[in-house]
Amino acid sequence: MTPALRVDGLGKIYGPGTTADVAGTGPGFNRVVSPTSGGIVAAWDVSFEVGPGEALGVIGESGSGKSTVMRCICGDEEPTTGSIRLASVDGGGTDLRTLSPARRRALRVDRLAVVYQDPAEGLDLRLSAGGNVAERLTAAGWRNFGRIRERASELMLRTDVPLDRMDDPVREFSGGMRQRVQLAKALANNPPVVLLDEPTTGLDASVAASVLDLIRDLLEELGVAAVVVSHDFAVIEMLTQRVVVMHHGRIVEAGLTDQLLEDPQHPYSQRLVGAARG
Amino acid sequence: MGYVAARGGTEAIAAAEELVRRSRLNADASWLELDQLTERLRYLNDRVMGEGGLWAPQLAARAIRQAEGDVIEAAHLLRAHRSTLPRLCELIPADADELRPLRRIVPAFREVPGPQLLGRTLDYTGRLLDLGDEDQARAAAAAATAAAARHPEDDPAENAGATEPPFPERLLDVLRRTDLAVDRRRDDDPEPTDISQVAVRPGIGRSAVLSVMARAETGALVNLWYRNILGPDNHLHEVTLGEVRHGELPIRVRHPRTGNPVLLGHLRATEVEAIEDLDGADEDRTRFDVGYGLVAGHNERKAIAMANLDIALHRDHSDSGLEQSVLMTTDGLDASGFLEHLKLPHYVTFRSMIERKQAMRTDRARNERKGRRHHPAPVVTPAAEQAAVPAGEVTP
Amino acid sequence: MTLLDPTISPVALLAADTSSRELLDEFSKREIRRAVLTAVAVPGYQVPFASREMPVARGWGSGGLQITLALVGPEDTVKVIDQGEDAGVNAANLRRLIADTTGVDTTTVAGEATIVQTRHRVPEDALGDDQILVLQVPVPEPLRGVERDMTELRRMHAEGDYARMWVSLYEDLVRNGVITQTTGYPCLVGGRYVMATTPIPRWDIPKLHRSAHLSLFGAGREKRIYAVPPHTDVEPLTFDDVPFEVERTEGASCHRCGAGSPDSGVESFLVELPGTEGGRWVCSDTDWCNRRLSSGMVAR
Amino acid sequence: MSAAIDAIRLASTARLQGSASTVVFRVLLEALARPGRPLELPELAMDPRLPNALLLPLALADLGTSFWVHGLYDERERKLAADVVREATGARLAAPNVATFVVCLDGDPSVPSRVRIGSELAPEAGVKMAVQVENFATGAPISITGPGIAEAFITTVGLDRAFLKALRNRNQPPVGIDTWVFDRHHRVLALPRSTRIGVVDDVAREGVN
Amino acid sequence: MAEHRTVKLEVQGLHKSFVLHAVDGRRINALNGIDLAIHTGEHVALVGSSGAGKSTLLKSVYRTYLPDSGTVTLRLAAGAAVELTGLEDRELVALRVREIGYVSQFLRSEPRRSVRDTVARAGRRRGLDHDASLDAAAEILRRLGIGENLWRSYPSLLSGGEKQRVNLASGIICPPGLLLLDEPVSALDPANRESVLALIAELTSWGTTVLAVFHDLDAIERLADRVVLLSGGTVAESGHPTDVLRTLTNPLGAIA
């Protein structure tokens, strides 16, 4: 089975470092800053695959490199090394990093959607909810106002955004409602791969739960391949079947989500689970 | 018919132009001589040359006189004049180390290699309006001029640095020697960009950015500096000045046939090196950052603003908009030209605007009759609902 | 290789011919001409150019003026209009400058001109394939309303990424019921670039679409030149199911020539002359209106 | 030495000043605005030994620009042409992949792949190229369509299939090469990068397949 | 009972220990070399004292626990045999859909989904279409005694016994080839227990293989074809329920 998304040997170093400075960083050294150059090895040797209909969790504390990985995949940042492949691009035969920035960005329209923790990153808050969805649709070539309205309405309905709010600026929406609009926008053109970066972090508990439910339903129904980045085991447990644990820029453990929660292997994973389980 | 093609406008502007010309001549005063501007309104003349991008004291004086003292208008005259002149050759980049200082101060140290040379400056003159007798002043001026003509070597302004080595070592060299300064000299931009020959836009090399600032409207640059220190943009920190110099800079061209450098002459310039602490999380806090300012003529406030903005620009993240602000919004001619064009007829555009207002009203009235918003969210049809709500969610 | 004459630069020889009356030297003209050629080869793309200071202020037609001065040759006849009017102060000023510094002939009759320099209008009569329309552009960037950052704007054009422009039209429709863009309506040129149509009224946009003439756009202050070659698509951005609307006011007709009235059989872009007892309307293209009157087409 | 004198003398005939420069530019502009249509060049004082293709840089180049002259078969002619352009305009001679102007004296099909075509961020960096041919009536038939062309038509421009294909491959608007073709009958036509070139027998063959 | 010829699940030399890194790497040995073979359609009950390794074995088979060594070989519906301990995570996730199921005594909460939808979704994950999944959910809920009045309410509003039945319903709708049951009737009242046990008995007759841990002897005697007694992480005894249970001095205590 061709994975919908495949990441191989992804690495990202900030600052003056080179690949030579990877030595001396990582969980074994308890640091991400290269002792020789001061470069920050934010992520290194990160590999995984996600199949259609599957959700992979990436869990770790802040600074573990999990968001860096996501940003490298979606193109917000350029990785230092490694490859990223999508089944929807050349059948997985092309490393996205070899694409021009323009083509890379164009993937965001209908191949690789991102849902950010901060809705302001994925949305234009000045625009209406419908307008945000319309941006994706027009980017994909939709040119019929009535049909754009109809599709936007469908998505609002599907993401539990009241239709009578569809024409209001997203700026006036609550956090949970913004996140729903962001989901609607991300799914506008039925992308086969969706990346979710802490999608419910920062929301009130009850709002977070309902957004989480919505995401879970959408992932199940749409058959997308999802990567869920989170520090929260409740989110990972609810949404994913598999998970990787990141620490100091490296994957320290990969496994089934229930296995990681009940039988974590790596000392760091055990600590993380132990802390989460109180 | 009372409606004559083409003639009305031509006559009106000809009449206005004639009025300007006559009023200029008719003033109840003697003719304004160019040397009164170049010699007695030095800062004004320098500023017009700097913002006009042309070193030509006599022409600048003409421009100021013609513009009746409007600095931007005068700079415009200089630049428009330059447009008519062919570009015969390119200058060899001047070496600022050859600047012969008429004034030099180094606030960062009490004593430095080379002189602290106060020179000609208004800095410490009492800001008291001189209400002295005009006739006495006139006589004093004549006497001083005559005396200077007899003994040019006594002219304090001209010979301020005569006893010192002409090219004192820079503070920056001291800092570099002690490894205290980040080196901002770059080799990716070897030939200075002539901003009169390209359309600058963000991403252009540092030499172009510096040139834009050197030619910027003084007030615009000072304001940009100030709003970045105090205002919401917050890109700047106050610097320590390493060098403030005003002096004469030799200008050379390459001979078109032989390729040898040929001295054309000198221009006066103000040079500033500014020093700032590096305090960003990803910066080397053990060193200082350095910014550079160089403007034509004697204009210290502009050169200081420039040096400080230079630091802000290379420390700043490219998406902050500061670079675009510097490049695109500090030119006096651009800003004032665009602003003043609002005085031109705009009745075609205004008619179109009224028409849209009416169209909106018509649409609103139509919808109000039907009792709905402009574009109600479409009623999702059962078919659409099926597509929108995948199986399972519809509870009977 | 060293050429022989040690004293005279080849450049000086080339420059020497420039008449002192001219506002642009030979090199400045060449630079503008290169930009014009690129603009024609890449329809709708804003070509950066060095933009010289003109004797008119930036924002007062300096871009159009530079193009016209780079174009005019001994055989040309130039017409200059502002708001459609030959007699406006700005038109008169520019015409005088062009004529005085180049010696070229001028006219008010659109059909007689080889070059028509204009601000805010396209003449009512279709221009022919031997004519060039030069438009003065204050703001060449059609996307500025949705994005201010120049680097991002450049990327958007490079990638043909106009989704945000479309969204602004969507939002406009949702909020206001109509597309409220008045003049300078954004158009897609040759299926590739979104272009600002100076601020000409929507009325004039069809005259740029697959026209016989070449249109050149000059933005002096912003240092950009762009072009619409003949027979090139200029499609106003609108949705498939939302018709593009030009300026029309019900019942309005020119109080001089009658254009716009049902029995005149012709329409023109009308401007309002407000009065105490209700406004009157008049053709903005004064030359067109005058010719209708003088040709006897209109009963006085 | 005599070659240098020759170049200076020839350059004096080729220095386009004032109205001569304007008139040539207007013909080049007109040609570019109506691709594929041959136009008569104005009468000029230029020495007849100089190929008309030089008119492109002679009318448009200056101190701030660079050019390259390509000609495989006659190195003396190529060098002389380059000297004349430099002497008459002040432009620098530069490698073909960076030159503002390229003059191709012989229709060598390798030239289009050696010149700069700009980028989507800077289409203006695409080269302006002049090609000298014998006669527009010869060469491979092409169909052309695009901006400036009211209706697609089939024509020949004096260039062979290999050259035209190379040109077509490089023209991916907005990047590409703006080409002016000069023939020996004092005419010029243009193929801007926006013109879509179909090599006719390819069209036929692809139709069969 | 019918003769079972094909081996559905074979566990060989299975070891499982837990290393507690937070406690200086202390190791707790839970399984110490389990050997066990279960035939297709067979129902095997695990018994043993608390800590004997019953749940650990179920979870090690399901791979919620990662075995240290040994093999777990599962024969798939299509006939091929797969070794589970070394299987790629992604493949194991796929197997869990149709081939191997695990029902714990605890309901994994799905706060905002109705009872019927919770069960129907499980059916759809296993390949039923929308209508079929709703029908199947209705039927199975009815069989388990969850009345229609509850179908549209949320699981969080249900009693413990109701939750357990909903959980079981999700686990056995479109039953997988191998079902691992971890005390599925612990919270049920006698009446509902009866219907659940009947349904589980029916599963084996449809060909589902069951490996179960029950807390009551009666269930074992009624359902199990065989009982495996675990002690100290190894198989102490294996045989017919009456034989094995008889050997235990205090069977219920041992099992509880």
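Order as written gives the chain letters A, B, C, D and E; numbering starts at 1 within each chain.
Going forward, contacts are C-beta pairs under 8 Å (C-beta built on N, C-alpha and C of every residue); 3 or more make two chains touch, one makes a residue touch a chain.
Just so it is clear, the structure is predicted and the values come from calculations on it, not from any experiment.
Q: Taking all protein C-alpha atoms shown, work out their mean, then name the chain whose own C-alpha mean is nearest to it.
A: A
Q: Looking across all chain pairs, point out the one with the most C-beta pairs in contact.
A: Of all chain pairs, the one joined by the most C-beta contacts is B-C.
Q: If you average the CA atoms of subunit B and of subunit E, how many Å lie between those two points?
A: Roughly 79 Å separates the two chain centres.
Q: When the C-alpha atoms of subunit A and subunit B are each averaged to a single point, how far apart are the two points in Å?
A: Inter-chain centre distance comes to 46 Å.
Q: Could you please state the distance in Å, as a whole number, between where the Cα atoms of subunit B are centred and where those of subunit D are centred?
A: 41
Q: Would you mind pulling out the distance in Å between where the CA atoms of subunit A average out and where those of subunit E do?
A: Measuring from centre to centre gives 34 Å for this pair.
Q: On subunit A, where are the residues touching two or more other chains?
A: As it turns out, subunit A has residues touching two or more other chains at 102, 130, 145-146, 167.
Q: So which stretches of subunit D touch two or more other chains?
A: Answer for subunit D, listing residues that touch two or more other chains: 63-64, 120.
Q: At least two other chains touched by the same residue of subunit E: list those residues.
A: 121
Q: For the complex, give me every residue of subunit C touching subunit D.
A: Per the stated touch rule, the residues are 1-5, 9-11, 13-14, 16-19, 26-27, 29-31, 33-38, 40-43, 45, 47-48, 70-75, 129, 154-155, 158-159, 190, 192-193, 210, 214, 229-232.
Q: Residues of subunit C touching subunit A in their complex?
A: 155, 158-159, 161-164, 166-167, 170-171, 173-175, 239-242
Q: For subunit A, which residues count as touching subunit E in their complex?
A: For this pair, the touching residues of subunit A are 3, 49, 51, 54, 209-210, 213, 220, 241-242, 254-256, 258-259, 262-263, 265-267, 270-271, 274.
Q: Name, in rising order, each residue of subunit E that touches subunit A in their complex.
A: 18-22, 59, 63-66, 89-90, 92-93, 96, 110-113, 121, 125
Q: Flag every residue of subunit A that touches subunit C in the complex, lowest number first.
A: Touch list, subunit A to subunit C: 102, 105-106, 109, 124, 127-128, 130-132, 134-136, 138-139, 143-146, 148, 167.
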